[in-house]
Every structure is written in C-alpha cells, then in structure tokens.
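Several structures are given next for inspection.
In what follows, subunit A forms one complex with subunit B and a second complex with subunit C.
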Partner chain A sequence: MMVVGIPRGLLFYEYYPLWRAFFQALGIAVETSGPTSRAVLDAGVSRAVDEACLPVKAYLGHCLELAERCDALFVPRVVSVERGAYTCPKLLGLPEIVGSLRTGRPLVTPVVDYTRGGSRAVDAAIACARRLGCGSVRAAWAYVRARLEYRTFTESLQVAGGWFEGAVAGRAETGTADRARPRVLVLGHVYMVNDRGINLGIREHLLRLGVRPVAPQWVARRNWTSGARALPKKLFWTYEKQLFGAAKHVVDRGECDGVIQITSFGCGPDSLVSEFVRREAERSRVPYMALTVDEHAGEAGAVTRLEAFVDMLARRLGDRET
Partner chain B sequence: MRLTFPRMGNSHIPFKALFASLGAEVVVPPPSTRRTAALGSRHAPEFACFPLKMTLGNFIEAAELGADTAVMAGGVGPCRFGYYAQVQKVILQDLGRDLDLVVLEPPKLGWIHLAHQVSRLTGGRGAGALLRAVRLAWAKCNAVDEIERLARTSRPRQGERGAVTRAENAALDLLDRAESARQVQEALEAGRSLIARTVARRTAEMRVGIVGEIFMVLDGFSNMDLERRLGEMGVEVHRFLTMSGWVRANLLPKRYTPAEEREAVGLARPYLDHFVGGHGLESVGGARLYAREGLDGVIQVMPFTCMPEIVAESVLRTVSGDTGVPILTLSFDEHTAEAGLQTRLEAFVDLLRRRRRGAAGG
Partner chain C sequence: MRVYLGIDVGSVSTDVAVIDDDNRLVAGAYLMTRGQPIGAVQEALQAVSDCSQRGMVVCGAGATGSGRYLAAAIMGADAVKNEITAHAVAAIDRVPGVSTVIEIGGQDSKIIIIRDGVVVDFAMNSVCAAGTGSFLDRQAARLGIPIEEFGRVALCSSRPTRIAGRCAVFAESDMVHKQQVGHAVEDIVWGLCQALVRNYLSNVGKGKDIRPPVAFQGGVAANAGMKRGFEEALGYEVVVPEEHKLMGAIGAAILAREACCGKTAFRGFGVTHERFVSRGFECDGCANSCEVTEIHSGGSTLARWGGRCGRWACAKPAVPWRAGSVV
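Coming up: the complex of A and B.
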C-alpha cells in the first residue's frame, strides 16, 4: 500500500486532522515525522538557506527524516485561505524549497488558492487524489468526510479551550479554573505555539510557573475578524490578521493578564504586525513581551525572561487585589 | 503643501519633476547617508526589512526640512512592502512628526480611493496639467535609466578610476535641471557624450548580472554602491530591473512589461512554479536568462530577511548547479559592513576570473 508522508511542521499544526482524515478515507496510509528533535533541527538548518526562518528549517528537517519512511511527501502549496489575502511567501514557494533538498521522493503538492474566491480546497483535494490514483468522486466524498472531522477538531480547540495535541488525539483538556492564577496569551503562529521543539517549551514553562496559557486559536473566527478591523488597512496575510484580531479581542475583553508573542527570527509578517499588537497591549495596559527564537536560542535565557515576566504579572495581580 | 517622497536610487529626479510641474512645493529628501539609516533603524520595528527603515529615515529627514506631506506607494502583498506606509504612519505620529502620508494603493483596492489620493496631490489641477507633468517625469525616468545603463557598461572600460562616476553624476545633474521634454533629450545627449569620453578600452574583462529585490538593486546607498564597486573591478554589470521597467511592469498593461522581465518570469517556471511576491520569480528567471546570455556570474541582492528573495535563494542553488554559473547572494541591512562586502566581491570576481582562464586554457 502507498504511504504518504506528512512532515510535522508549519501548517501541519493547522490542518493535520483534515489531511489525515482525507487520506484515510481514500484508503491511503499516512506517516508523519516525529516531534521536532535536535537532530531534525540540525538536519534542516544544515540544508536550508541561512536566512530562512526556524519553522521552515525545521520543516526541511522533518522532510529529510520522513523521506526514508514514505513513498511520497505531502507538501501542499497553501497560497491563500481567504479571498484577497495570502498566507506567507515562504508557504507559497514551499514545494520548491523542499524540492531543493532532492530527497528522492516525489512531492504531492495540491495548490490551495482562495485569492479570487470560490471553493478551491475541494479542487485541490480532487487533484491531489487523482495524482495518487483515486477517482474524483471518491476524492470529493473523502474531502467532505475530512471536513466533518476537521470541524470536530477546531471545535474542541475553540469551545473547550484545548491545544493541538489534545485535540488531535480527541482528548478532553483538563483546564484549570484557578482564578488566582495569571492568564497569559501565548501569541504566535500555530507552528510556533504548538511545536515544543522550536518554542523552547514555553507553554510547559508557563504551566510550571503557575500561569494559565491562553491560545489565540481559541478565539472564534467572527471575533478575530472583528478585532482585525482595528488595523489601519486590511492585512493581506490571513494568519497575521488572526493573530492581531485574536490579541485585540482577548485584550479588549480583559481575558488575559499578559501577552507573550513568540516569533521566529526573520519572520517577515510578524516583524510588522507585532508592532501593532504591542501598541494594542500598551493601550489596554496589558504587559507585553516579545520572545524571538532561532536555532541559536537557549532555553535557559528564555526561562529567565519568562520567570521575570510572570513575577511581574503576579505582583500586578497582587497589587490589584489589595 | 510641502511635498516629499522616499528616495530609491535616482528616482528623485523624475519624482521631483512630476510633483513640481503639478505646482507642489517639493522637498527632495537629502541623499541617504548613515544618519538616514540610523534614524530609520532606531524608530522602525527591529526586524522590519531595510527599505522600510531607509524610507522612514528619508521621511524624518525631509520633515526636518519642512515637508508636511509625503507620497508613499501601497500594495496588496504578500511582500511586506504593501504595509510599510501604515507602520511608518504610526511611528511618525509617535515621533510627533506632522507628516501626512498620502498612500497610493494599487487600483485593485479601489479606483475611487486612488483617484481621490491623486487629486489631493494635483491640487485639483486638470487632466491636461497632470498629463504634461507625467510626460516630463516619464522622459526623465527613461533618461535616468539610460544614463545608469551607460555607466554600468562603461565603468569597467574607463581610462581613469572614478571618471565614469563623475560623468554619470554630471549627466544626472543635467537631467535634474531639464525643464521640458526637449531639454531632457539634450541633457541625455550631453550625458551620453560625457560618459563616452571616459572610455578607454573596447571590452570589459567580464560580465555579471544583478537580480533581486528592486529597492536594494536600485538604491546605491543601500547596496553600498555595488555597481560602482564591480565596475571598478573590471566587471560590466547587467540588470533588467529599472525604474521605467517597474512602471511598465506594474502600472501599464502587460504587453508593456519589458521583454527581458517577461522572459525571466517564463524562465523561472521549471524552478519556481508560482509567484511568491516581490521579485522572487524575476530573480530565479533572471539568473537563467543571464546564464543563457553567457554572463560570467550572477549576484542576487536583497534586504536581510526578504521573504520572496529567500524562496528564490533556495532554488537559485539548483539553478547555479544546472547552468554552471556561479551565483552570489548578498543581503543588506543597517549592520552590513563595507569591508566585508568588498572582500566577498573581490573573492567572487576572483573566482569568475579563474573560471574564465580555466575555460580559455582548457
């Protein structure tokens, strides 16, 4: 049986449940790479161009690791997920960036492009299935089934306040309702917030420090869309719009006590949008910290900064109560 | 209204002509210097790309000279450039600089908005005045490109070091002073002969093509006079990215896009099958184009962390392997040091020279 490999990186953390369900419905086996390890990072870093961002370098590492265990690599070209906006230039050119690795495995690269509207994901799904030798009708059916499964996933993120791993495994999250603990919005792209291998374990450290981490992905679409209207001009990057809109929504409603924006060094969209997020936080008098990571970032340094930030939050909360 | 605009290479010459003929009082931002870069980097977001910082520095320096309105271009992504003006606006506000940014967004985002912004700049003057202003600016734009091209091809053949740069500056100054399309033609002719007089050799030792992000390619301060440095090492520099070419590719119907640029986009396809914003496709295809034309090497120029160019860089390695043409990538920001650049260029040119000798000997 044919095995399709899905690298554990970038939009994996957004769409993996959809992709997995789709291939399963088609009767195609799916293999994923393991969690981001030092070895995966090193492999990616050594093959990527210097200035690529850490998530792209990690993604290349995952492709190299996975190439040995699959017949084809699934590397979609997600150009746009909504009308009039893009994802990120590096995602637009992802198949070619991976292609430059010459892994010896063919790439399956459906193109998802909503820039001009329409329902392009289903077209991409059918094209992808045909490339793997399945019929169009079967592909359309598999896609519809996968959408249903994907909805359960996004709901378990938004309604229950879950995180990627739990929602994928279908686990109910055991959220802490301890009101005395500070809540921190961990703002960042899905692959920054959810990949422990590149975010230096920020969420685990926050939990250990007695903080309740809040994810931007918990904010419903209509809420972040309306939050993003506060920007001076419509943003042409969907995921950045989501980040800013979610931060605005959460900060405005007083649903967090601090914001930590976790960014990869050299992230183009973040470099501009974080400027607006910081201003929004300052306006609402919510402490803001930017944490930039790259392949040289040390966990100890990050932990010190997190501890200082959390100490400051705890003091502020204490002052407010007295 | 005291009007200013960002600097990019010699674009201030046509811009000044355009706005001055529309009756605006034009404040040309002072030539970019280390101070411009320092001002821009101090106030811009740390990881913003270099052109944002440079143009912000231009705005601040123009405001110091009394400018109250600045013209800036917009965009629809996915390159960051389309959001520069919005970021710069809030920064200038924070600095207490009373600079009103007029953002010209592409018609895609609304014809009415664009027409409104343009009418703000023309001060309600009629279409006739606008047409005359555009005609003069366009003549200057093309003439500047021609002078720059002559300087690029003549510099490696100059009899005396620095002669072409002096002639080029004199020619650009003549163009800047021209007040009618006819005077632009006369200035251009004079400039041509000034440059021609500096040439002492028939051929250049070698030829290199430059591709990359347009601001960094065109702006001599930002790329640390890359073309002059190469020329003085005996290299004839080729590039199809020009001001007039940009206007033709972006503001006019497709058939006016310069032939080389159109060809480059086509040549990129086997290596990069989708546009990635900015000049990513042109960089990949341009490298192939120059390889096909038998140039000795290609240099890709970009601002540090430029997204489209990073994608291009990823596949340029493959292009270099397949065509056998060496490709050097240079990224610039406020931390780039002159000595480092010079050393890398010398090493690259040395490599090209050796290859040429090897080819001739073998």
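Coming up: the complex of A and C.
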C-alpha cells in the first residue's frame, strides 16, 4: 500500500484531521513526522534560507525526517482559503521551498486557491486523488467524509475548548475549572501555539504558573470575522485576520485577563498585526505581552517574562477583589 | 532580631541584602559573578554572615536574577522570583509613589510601569545588549577610564559628540572614528551616554507610558552620565535610590518576608563552606538532546534542571525544568 507522508508543521495544525480522513477514505496510508525536536530543528535550519521564519525551517526538518518513511510527501499549496484574501507568501511557495531539499520523494501538491473563484478545496482534493491513482467520484465521496470528520475536530476545539493534540486524539480536555485562576489568551498561528518544539513550551509554563491558557482557535469563524471588521482596512491575510478578530472578540467579551502573543521573528504579517492587537488590548486595559522566537531564542528569557507577566496578573486580580 | 535575606544572581554581578521586619537594610554586599555563580553565592553569603553573630535570625530567604534557581538550590529559598517582580517590589518600597522603573544591569535592561503600587506593564531587552553595563565596561576600558570615573568624565562635557548607539558594534566603531578625528574624550563619553539613553527609550521603552517619579536602578545607575542623559531626555528628575545596586536583592528579601510562613527553607550560613559540584550534560534519551545541569553536594544531588520530560526530575527542590542559563 502507498504511504503518504504529512510533515508535522505549518497548516498541519489546522487541517491534519481533514487530510488524514481524506487519505484514509481513499485507502491510502498516512505517516506523520514526530514532534518538533532539536534534531528536526537543526536539520531544518541548516537547509533553509536565513530569511525563512522558524516554522518554515522546522517544516523542512520534518520533511527530511519523514522522507525516509514514505513514498510521497504531501505539501499542499494553500494560496487562499477565502475570496479576496491570501495566506502568507511562504505557504504560497511551500512546494518550491520543499523542492529545494531534493529529498528524492515526489511531492503531492494540491492547490487551494479561492481568489477569483479559482481552485476550491474539493477540486484540489479530487486532483490530488487522481494524481495518486484514484477516481474522481471516489475522491469526491472521500472528501465529503473527511469534511464531516473535520467538523467534529473543529467543534471539539470551539465548543469544548480543546487544544490540537487532544482534539486529534479525540480526548476530552482536562483543563482546570478553577475560576479564580487568571486566563491568558495565547495568541499566535496554529503552528506556533501548538508546537511545543517552537514555542518554548509556553502553554506548559503557563499551566505550571497556575494560569488557564485560552486558544484563539476556540473562537468560531463568525465571531472572528465580526471582530476583524474593527480594523480600519481589510487585511490581505486570512490567518492574520483570524488572529486579530479572535483577540478582539475575546478581549471585548472579557474572556481573558491577559494576552500573550507568540510570533516568529521572521514573520512579516505578524509584525504588522501584533501592533493592532497591542493597541486593542491597551484600549480595553488588558495586559499584553509579545514573545518573539527564532532559532536562537532561549527558554530562560521567555520563562522570566512569563513569570513576571503572571505575577502582574495575579497582583491586578488580587487588587480587583479587595 | 528577625531578618530576611535576599540574593540577586545576575550575569555580571551578584548582590545580597539582609532586611529587618520593616524592610530596612541591615547588611548588604555587591560583588562580581565572574562566571562562577556558585562561588559568587557563597562569597555573597560570607559577606553578610556576621549577621548571625550580631544576634540576627534569618527567618526567610529569597532568590532572584538569572541564577535564581541555582542560588535557591545552594542556600535554600522560600521565594524564587523573576528579577522584574523583585525590582518592582523593591522600587515600590523605596521610592514613594514610583510610576516607572528603569533598570539597567550587566547584560539586560528593563522597564517596569507601575500604577498605584501595582505593575501594569514591563519590557526587557530581547537580543541586543547595546547600552547595558558590560558594554559600558568595555568602552571604559578601551578609553582607559576606570568605570567608576566614567560618569564623572561625562559630566565634564558641554559639547557632546553624536554617537550612533543603535548597535554596540557600530557604536564602538563610531567612537573610534570620533577619536581619530580629534574629539575630546569627555565629549565622546557624554555622547555615548546620550546615545545609550536614546537607544533604551526607543528599544526597551518603546510605546511605554513613562511618567515621573522615575526610579533608575541596577549597576549602571551608579553612572552619573547615564542619569543626566535620562533626565535631559525625559525632562524631569530621575531618582537613583541610595541602595540602587542592591535593589534586586532587597526585592527578593521583601518577597521572602511575604512568602515565609513558619519554618524557613534557608540552609544557614554553613553553606559557604560546603563544596558544591555542578555538571552539565546532554541527555541522549531522545532527539531533543536537552542540556541537563545538576548540582551535587556531599554525594547527594541537590537539584537538577534542563530536561523537558520527567526523566531527570529531582525529588527536591521543585525547580521548573529548563529553568535558565545558569552555571
């Protein structure tokens, strides 16, 4: 049986349940790379151009690790997921970036492009299945099944307040219900917030410090789109719109006591949008902190900042009660 | 008399403070870490160890700074806190109504915004060390001026030379150039102070609501040129607390006093004579290759940190994994 390898990085954290269900319905085995480790990062960093952001560098490391264990690498080209907006430039050029690795494995690169009514996800799925030797009808059916599975996943994030790993494993979240604990919105791209190897373990540190972390992915689409309308101008990038809209929604409704935005040093769109988020938080008098990571980032500096941030929240909350 | 001990183990200096129940300083010391944090902690404790002969009983101990977990492992601590909280707590106690804290240490600089006695915002320099103590040290040495004189020399100038302070490397080459074309040393030194103040305000202080009273603390606050630079840039007086070099340690001591309930975890001044051995190794358990560090004394492991998983977890004391750039 053919084995398709899905690297554990970038949009993996957004769509993996969809992709997995699709390939399984087609009878194609799926293999993924392991969690981001030092070895994976080092391998990726050594093969990437300097200007790439850390998640892209890690993604290359995952491709290298996975190439040994699969027949083809699944590297989609997600140009746009809605009309009038794009994803980030590095996602647009991802197949070329990975192609430069010369892993010796063919790439399966479906194109998803909703700009100007182009290639929709279902078309991309069918084209992808045909490339792997499956018929169109079977592919369409597999896609419908995968969408159903994907809905269960997004619901377990949004309704139950889950995190990626738990939702993928179909596990109920065991978060604390202690209402006295401060809630911190951990704002960032899915591949930053959910990848422990990249984000310096921010969520684990917050849990250790007695904080309830809140994920931007808990905010439903209709809520973040309405939040994003507060921007003075339409943004070009869907995922940035989602980040700002989710932050606005959560902050406006008083569903968090602080916001920590974790961005990659090389992320152009984030550098712009984080300023909007900071102003929004300031306007609502919610403490905001930005953490920037790259391959040189030390966990010690991040821990100091996180501890100070949590101390600050604790003092503020204590004052509000008395 | 009941006293509380605080220690701040920084990258360049280590300071210790002993305070009484009213937060008054009864003993203190400031010394260089010299890349030997264990020795520095022992030396610092030795410097204030006569407290016990003077009838004082240490009822609580606190540690802060980048070496706080190491210090806590060696001496035993009731409070282990980050340096931002420690400096804020000390400033709130020492400078009435303080609204802003400017802290510049050996390798990092921070700003803390305080309103009504509560920290509301803060920032730390990220990767750039331009303008911190070690850079000033280096420039002072290059110009042949003892670091203690640096501030006084700056105050002698009335025609500052414009230095590019954005980056330590560029600042240095700019200073060399200004020397070559014949500017006076005091003008260059004063120009450098102004450049570092500009860099601080536009980098660490970017977007922060800086209001008086401003407390200026940390080792660099001893530099009168930097104080004057901040006062000219901000347009009002900047307060340098009398104990500015010990503020981190005082904060840690206050936090220890607040945290202590009953028996203290402090192991006593005997630890200054104990022999501690630390070693670091790379774990080969998985692809993460965590750098694990451990401290031994008398055949037993006091603490161990650096691993992401539980493999190297040590029963006591509770030191968070990957805690820091210590040893």
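We adopt the following convention: the second predicted complex is superposed on the first by the 319 of 322 C-alpha atoms of A that agree within 3 Å, B and C clash if a C-alpha of one lies under 4 Å from a C-alpha of the other, contacts with A are read in each partner's own complex, and residues count from 1 in each chain.
Definition applied: a residue touches a chain if its C-beta (ideal position, glycine included) is under 8 Å from a C-beta of that chain, and two chains touch if they have at least 3 such contacts.
All values derive from a computational prediction rather than experimental measurement.
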| item | value |
| --- | --- |
| Simultaneous placement of subunit C and subunit B on subunit A, clash or fit | fit |
| Partner chain(s) touched by A:L148 [first = subunit B, second = subunit C, both, neither] | neither |
| Which of subunit B and subunit C A:V137 touches, first, second, both or neither | neither |
| Partner chain(s) touched by A:P287 [first = subunit B, second = subunit C, both, neither] | second |
| First, second, both or neither for A:R38, with subunit B first and subunit C second | second |
| Partner chain in contact with A:A308 - subunit B first, subunit C second, else both or neither | second |
| Which of subunit B and subunit C A:H296 touches, first, second, both or neither | second |
| Comparison of subunit B and subunit C by subunit A residues contacted | B |
| Subunit A as apex of subunit B and subunit C, Cα-centre angle in degrees (nearest 10) | 80 |
| Partner chain(s) touched by A:V159 [first = subunit B, second = subunit C, both, neither] | neither |
| Overlay on chain A, subunit C to subunit B nearest C-alpha distance, Å | 6 |
| Intersection of subunit A interface sets (partners subunit B, subunit C) | 292 |
| Residue ranges of subunit A in contact with subunit C within the complex | 34, 37-40, 197, 201, 205, 208, 278, 287, 292, 296, 298-301, 303-305, 307-309, 311-312, 315-316, 319 |
| Touch list for subunit C against partner subunit A, complex | 66, 81-85, 116, 118-122, 124, 126-127, 207, 286-290, 308, 320, 322-325 |
| Contact set on subunit B toward subunit A in their complex | 45-49, 52, 74-80, 82-83, 86-87, 89-90, 271-278, 280, 304-308, 310-315, 317-318, 329, 331 |
| Contacting residues of subunit A [partner subunit B, same complex] | 48-49, 51-52, 77, 79, 84-90, 92-93, 95-97, 99-100, 111, 231-233, 235-237, 263, 265-272, 274-276, 279, 292 |
